[in-house]
Amino acid sequence: MSDWLKSLKTETPQEGFELAITLARKGVGYTQPDAEVREKLRPEYAESPDSLTFASQVIAIHYQTVAAANNYWK
Amino acid sequence: MSDWLKSLKTETPQEGFELAITLARKGVGYTQPDAEVREKLRPEYAESPDSLTFASQVIAIHYQTVAAANNYWK
Amino acid sequence: MSDWLKSLKTETPQEGFELAITLARKGVGYTQPDAEVREKLRPEYAESPDSLTFASQVIAIHYQTVAAANNYWK
Amino acid sequence: MSDWLKSLKTETPQEGFELAITLARKGVGYTQPDAEVREKLRPEYAESPDSLTFASQVIAIHYQTVAAANNYWK
Amino acid sequence: MSDWLKSLKTETPQEGFELAITLARKGVGYTQPDAEVREKLRPEYAESPDSLTFASQVIAIHYQTVAAANNYWK
Amino acid sequence: MSDWLKSLKTETPQEGFELAITLARKGVGYTQPDAEVREKLRPEYAESPDSLTFASQVIAIHYQTVAAANNYWK
């Protein structure tokens, strides 16, 4: 893969949250590199409550990292 | 999405908890942006014990972040 | 909801554990605010080993937060 | 419940691990206080690989807390 | 059980990873002390992708503890 | 196994992410050492949304460790 992550620093807590989403998606992308397959799977999890909660959980874990990296934007 | 997260700082531990809930929901919202679909899924998880525990877990993870950002409201 | 969380400080590690339980339950309560529904679901998870472990896991995550907030009662 | 947790301090990393096991079990015990029911459920999870891994996971989360409380027994 | 954990210190990050594996297995061992039963369960999880990911997750949680205990081998 | 992990230090946050992927895979590899079996299981999880999220979650946990080890590449 090309360069996609240069820094964990973000301007705001919200941009940090969006970076956490990127990190969660990249974790999927490295495991299933075929974008077409990933796209095909989308309806399956996007309408399953537990799958959505699961996606939200991975974002939460990454957000801990990003928030710490930004000293919680204090 | 518009601005929804300006700071991780809250006045009290309880407001921090409520911010953690917001963060958990936003994680779902970014993954399934269609509010109507999310609303349709609500009965499915709101009456499933494990889905509720799962929701509570994601809140718990975010609460770690929010609590650290507020130095545990010491 | 009314005020239910004034501080993460507790006198003892055991009270901290009990606060972690409260936090885990509140995470469920905010997601499913109907106490009657929650009560109805109780038998379903209270006799399922994995559901009980799951409940214990959320308590464990909150206990990390509470313990850190109390500097581990050192 | 009576007093069961006076301190997170232990003499050795192994005793800390055993305390983490106690904490994981107490999380279950508070949720399902009936010891007879818990005993009845034991065969169900004690022979399920995923249930055992799940139990091990909760221990791992508590062990993070106990280890930090003991400054990693350095 | 006899003494099996004297210290969280390891010489290298890789030995630390192997200690994390030991910790994850011990969590299972304390919950299901019968080695014969555990052996019987092995094929069931060793060929299930999610069970393997789950095992890897518990290792990851313990590795956080071991790495912190070793100051990340800096 | 031979030496595969000499340090948690990486040059960039992205290399750190790739190290987290390696750690997640090694956790699987130690549990199921037969590479042929692992290869056979790949299609099963690579097309399951929840399995992919699960893989991403383990990466997220390891990334917390790697990021801390690198002082968040500050």
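By letter and in written order, the chains are A, B, C, D, E and F; residue numbering begins at 1 in each of them.
Here is the rule we use: contacts are C-beta pairs under 8 Å (C-beta built on N, C-alpha and C of every residue); 3 or more make two chains touch, one makes a residue touch a chain.
Everything numeric in this text was worked out from a predicted model, so none of it was measured.
Asker: Identify the chains in contact with chain B as well as chain E, in label order.
Answerer: Chains that touch both chain B and chain E, as defined above, do not exist here.
Asker: If you walk from chain to touching chain, how few steps can bring you from chain C to chain F?
Answerer: 3
Asker: I want to confirm something about chain B and chain C. Since they are copies of the same sequence, is their interface symmetric in residue numbering (over half shared, so same) or not (under half, so different)?
Answerer: different
Asker: Using C-alpha centroids, which chain lies at the maximum separation from chain F?
Answerer: C
Asker: For chain D versus chain F, what separation do you get between their C-alpha means, in angstrom?
Answerer: 27
Asker: Averaging only over C-alpha atoms, locate the centres of chain C and chain D and give their separation in whole Å.
Answerer: 15
Asker: In chain B, which residues are in touch with two or more of the other chains?
Answerer: 45, 48, 50, 54-55, 57, 61, 64, 68
Asker: Taking touching chains as linked, do they make an open path (line), a single closed cycle (ring), a hub with spokes (star), an all-linked set (complete), or other?
Answerer: Ring.
Asker: How does the ring run, chain by chain, when chain A comes first and chain F comes next?
Answerer: Order round the ring from chain A, first step to chain F: A, F, E, D, C, B.
Asker: Quick check: in the complex, which residue numbers of chain C touch chain D?
Answerer: For this pair, the touching residues of chain C are 12-14, 17-18, 21, 45-50, 52-57, 59-61, 63-64, 67-68, 72-74.
Asker: Okay, in this complex, where on chain C does chain B touch?
Answerer: By the definition above, chain C touches chain B via 3-8, 23-28, 30-32, 37-38, 41-42, 44-45, 48, 50-51, 54-55, 57-58, 61-62, 64-65, 68-69.
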